[in-house]
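I've put the structures underneath this note.
Two complexes are shown next, each including subunit A; its partner changes from subunit B in the first to subunit C in the second.
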Partner chain A sequence: MKNFLDLAELKYFTSDNAKMYKTKNGFAAMKAFMPPIKKDDLAEGQDNTPDWQDLGRVYFHRMFPFDAPDEFISVLDKDGNEYGIIRNITDFSGEDADIINEFLARKYLCPEITKVISLKEKLGYSYWEVETDKGKMSFSMHDTYRNIARVSDTRLVLTDVDGNRFGIKDVLALDSKSYRKIELYL
Partner chain B sequence: MINLEKFPAAISEYFTAKGIDMLGALMTMKSDIGADSVYKDVYIVVDTEYVTVAEGTVVFKHERIRSDGNPVRAEGFVEARYERFMLSELEEIKVEQLISTGRVTALRDNEPVLIFNFSSTYKHDAGLFCRAAESLKKDGKIDEEKLKDSDYEKNSCPKCGRRYPDPDRKICPKCMDKVRLIKKLSKLFLHYKRYILLILLSLSLISMLGAITPYVSNQIFYADVLKEGGRYYGKILNIILVMIAVRVASLLISLLNGAISAKVSAEVTYDLRKNIFETLSRLSLSFFTNRQTGGLMTQINNDSTMIYWFFCDGFPYFVLNIVQLIVFMIIMFIINPILTVYAFVTVPIFFISFKFIFLIFDKMYAKSWSRRRSFNSLIADVLNGMRVVKSFSREDDEMKRFDKRSKLSADADADIGIKSAKIFPMLFFLLKIGSYIVWGIGGWQVMKGTGGMDYAKLATFIAYFGLIYGPLEFLADVSNWWSECLNSLQRLFEITDANVEVKECENPVTLDKVKGDVEFRNVSFSYIENRKVIDNISFEVPSGSTLGIVGHTGAGKSTLANLLTRLYNTEDGEILIDGVNIKDLSFETLRRSVAIVSQETYLFRGSILENIKYACPEATEDQVIAASVIASAHSFIVKYPDGYHTQIGFGNKELSGGERQRISIARAILKNPQILILDEATAAMDTQTERQIQEALNRLTKGKTTIIIAHRLSTLRDADNLIVIENGKMPESGTAKELLKKKGVYYNLYKLQADALKTIGIED
Partner chain C sequence: MQISWKGTIIIMKKKIIPPGRIRVREKVMSAAGGNADYSFDFNLYEKNEYIYGAAVINGGFVYIVIENSNKDNDTEIKLTIDDVTEFRYINNSGCVAIEYTKSGEDFELCRSDMRNAVAMQIGSKRGQRGWRKRFYNLPEMRKDAKAGFNSMLGMYR
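Our next item is the complex of A and B:
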């Protein structure tokens, strides 16, 4: 079997062929050594020799946000078309890695719950008061069955009525009082 | 002025100090995430020229306790970022939706610039900000009416001003009140008052007879019949006959009551289900796309049973039990007040421990329920996907998965079983302790002859005390079913109160004869907030012409069809039929004149004939056959043994994708509308059949407006005009020739498909 990995021609960015920078107003941008971006699928006779080019503002997107937040980062343009993949952030160092990490952290901003202060369920809505790494917060949730995603055996992602997300990295790491409050949903 | 957030005094002062005229502000709003992605207080003021953003923290500068004991707080604002944007410099102001937050950005000197960040709580406000800023840039003013029209006021809670999380359900989770629920409940209650009264009456008759029995069989029997000198001394046979008579009467009324309940139960559940179903079918499509239909169905069934139970079992028994309890207690009190007090000593302990135990069980039941739900969903999942499971031979893994969840669910159930086997007998023993006290003290009183006690009185007292357990146990449990009923009712009202998004306007325009001019004017639409699927699209289809809509999958073509049939309302812009906004058209006119054959063909269970006649039940057989012939369906239908009466659907004849499409086309043809939309209606057919149908359709649709949506360009051969949809925008429109000359998107698509033909050796 011809390896389908080769067939897919995945394009990986590393510090050898990509360089991060910030735009004038502080957005993540990238220069890369790659063939020219084809604007037109059918145009023929285009020069395909790779060269350094300025891609301008780019968007990072985690492909496996729960399992491997630092691996397999998709680099996208503003319409969501992929330029290529960062296999692991450790393929970059120094300022480059900082920019990637900063923008991923901004995009995936999600308070991690460290303590459940109170949890009440009333008429199909549950009301949460929690302590998170971003401070004390309270939110309400509808239909706990659908809005608490069990990402793994110990990890939960909660979505409130507005669509805000809250994470619990490891339910077993919670103090026993908090654990007993959420035990029901595990 | 649009006041999305009323600023605290300190903030207004802060802005005024910065030289901003707060009275001249056109829009004020708040957000909660700073430019550095940290939670902050963000205040935004929009006036005619500038957007001003201030970020920081509202702090209490100092606090002074007034003489009356109330604190006076002076608020201050600690600034972290202050930025002004000149509106005229900003281009492409838009929302970038991130994972659970978002940002509003714009282009300034062709460089992207951040205006502010927000969490999902403010996503609606952010969208509103963009629209307001755009209209301000374009027209120099904010059209408040238009923004209001896009539901910012009517979709917020009148009490706290927050928007409802789900616009379909006007329920504010923050200030949902039980009073309203109970008010509505009483309305429903009045609806069923006849039944409830009937049941109450028969129940009270039964309990009255029940209350007499102990008196007759104890007091009268021992004191008047067996005792020497008693009123009925020695008349044992008579008293037994009386006892039998009372028993028989009570039995008869019980039988009657059973029959009444059975009838009422059937009637009320039927009524409730009908009501819920009726409301459901009136709801807009978006209600259903947001929910799982399977879950909805079980919910309707469970809830209507639950509510029936509330009205016909729960409530009457509740009243009855309370009355019984009071009556028995009074009787007992009359017989012997001191003994009564002793008898009830353990009751409060019983109630308290019952409440406590219930809390434990409530949690266990919820756990078992959620485990069973996950286990059931696995079964449904695997059974539906059996084909995939088998083709990748994953049976063993599925077995393991099933086993794991099944075990978890069984564990939870076993836990409940064991705990309840341990706890409840002990609990009821606690209650019974009272009776031992009664035996002891009562017996002692009889022996001593104090308190006016004799054997007959004690026996009567004990008999009544025995009757009291039933009501007590019921009342201990009452709060549990009460909360469960409230839940069911809440869900019921969620459905009945759901806001029908697509509503007929108050004075709808009815057109007798629709010509078929269709016009889209600056239409925008999004299914999910801030994610535009259709972005400012305008086109016209003159009556009688054919419009082709081309574009990649997911470009938004089908959404256009959904908007024209008004399954959804447009977010911005308007759609006109014969110059009338479809929002003003009566549903009758709209549905009569527009028919759609969509890519998801749905056929109901039943015969092919019924399915074709679905939109037009009064059609004759000739018409049905003619429509089928045009749709190229006739030829395969007649091959079936049962012809047009062939049953389709679950467990019956399974039709192929192409056959289903042809039947849905026949359905639309039979309706013979002035405007026909074919949304990939022939995609599952071979090109030859498609050709046949098209030629037949061409003859039929002469003089009618046809909109054909397709990605296969050959489908659009006969279109007078084409529009190209890409990422919700319309980059091109014109005749096929004009578009080819433009060498744009259409040209590319055309070339791609022509190339495909070339590779297999067919040149044009």
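Our next item is the complex of A and C:
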């Protein structure tokens, strides 16, 4: 009989027990040294000796996307079942870390705003024209106060009407003109 | 009221839509022979670089055009829906994608930011429905229903 802690056992992946690679079609995949994956409860009695196995395509998911983007990354299968956790990306080096970073960047798209060019409000919507690390962009926000999330003292995350996210790493580091424009909403 | 493709492109030109987007649309439409069961735009490339891209689903094919910096060298893809076993809509954080499975392998069809999320969601469903229409016939449905019934029975055994 398993106790609660056994059921909640976490598997941490490091460079010693996991190797990343890309599939033929460019998706992230992983080989790991771990007990055989149980597909269902019928596999309860099977041999649990850890061994290197090819898990195939894996998905990365940040557990703390704002507070710790490079730590506690969940490694999931296609159906969202968790294989284990990467405690820190620095546990991996070279190509492995590059693959993890690449696929996290692909999953979490959040252009960083560096300058606010113009900001107008009309009938409950605000219209933004900004410069980001991915170039000049414009977007509109509804209920601006609510859609600006203050995730730390200086970091902001803006969500526009479509659901796109824009980040401001350090709101105090913006130039004075830009800051004056968004100060109203802070 | 339904606006024709020509009409849509004229409206786009009047509304000062980026010329790259219009060009890609025109190109994908001509590739699809001027007809479209469904179409959508997308604007991200492999590593989330912003680009102009358009896709058209028409007559069992998916046509894709992706703008390259060299205008004569745009990427054009024609995919037969019959070869595809599944279209999936992937909802990421701040971006979306459509993936498909062909001969047991996963491929990415296109990516976009959330601007085209709904259109892409419908696009993936249309692709899947196009496939199902061809292969999901009555015996298949019966087989699925039977399997579902058996698994349901298994729950109560």
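Definition applied: the second predicted complex is superposed on the first by the 175 of 186 C-alpha atoms of A that agree within 3 Å, B and C clash if a C-alpha of one lies under 4 Å from a C-alpha of the other, contacts with A are read in each partner's own complex, and residues count from 1 in each chain.
FYI, a residue touches a chain if its C-beta (ideal position, glycine included) is under 8 Å from a C-beta of that chain, and two chains touch if they have at least 3 such contacts.
Small disclaimer: the values here were computed from a predicted structure and weren't measured.
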Side-by-side fit of subunit B and subunit C on subunit A, or clash: clash
Touched partner set for A:R155, first subunit B, second subunit C, both or neither: neither
Touching partner for A:Y125 - first (subunit B), second (subunit C), both, neither: first
Between subunit B and subunit C, more extensive residue contact with subunit A: B
Partner chain(s) touched by A:R87 [first = subunit B, second = subunit C, both, neither]: neither
Partner chain in contact with A:Y185 - subunit B first, subunit C second, else both or neither: first
Which superposed partner A:K169 touches (first subunit B, second subunit C, both, neither): neither
Touching partner for A:K11 - first (subunit B), second (subunit C), both, neither: neither
First (subunit B), second (subunit C), both or neither touched by A:A105: both
Colliding region between subunit C and subunit B, picked from 114-122, 168-176, 402-410 or 438-446 after the shared-chain fit: 114-122
Subunit B and subunit C contact sites that coincide on subunit A, given as residue numbers: 23-27, 57, 65, 105-110, 134-135, 160, 162-165
Contact footprint of subunit C on subunit A as seen in their complex: 23-27, 57, 65, 102, 105-110, 134-135, 160, 162-165
Interfacial residue positions of subunit A with respect to subunit B in the complex: 23-27, 40-42, 57, 65, 79, 105-110, 122-125, 127, 134-135, 140, 142, 145, 159-165, 183-185
Subunit B to subunit A touching residues, read off their complex: 33, 37-39, 98-101, 108, 111-114, 119-121, 123, 165-166, 173-174, 176, 181, 363, 366-367, 370, 373, 486-487, 490-491, 494, 727, 748, 751-752, 755
Partner subunit A, residues of subunit C touching it in the complex: 44, 46-48, 50, 92-95, 105-108, 113-115, 117
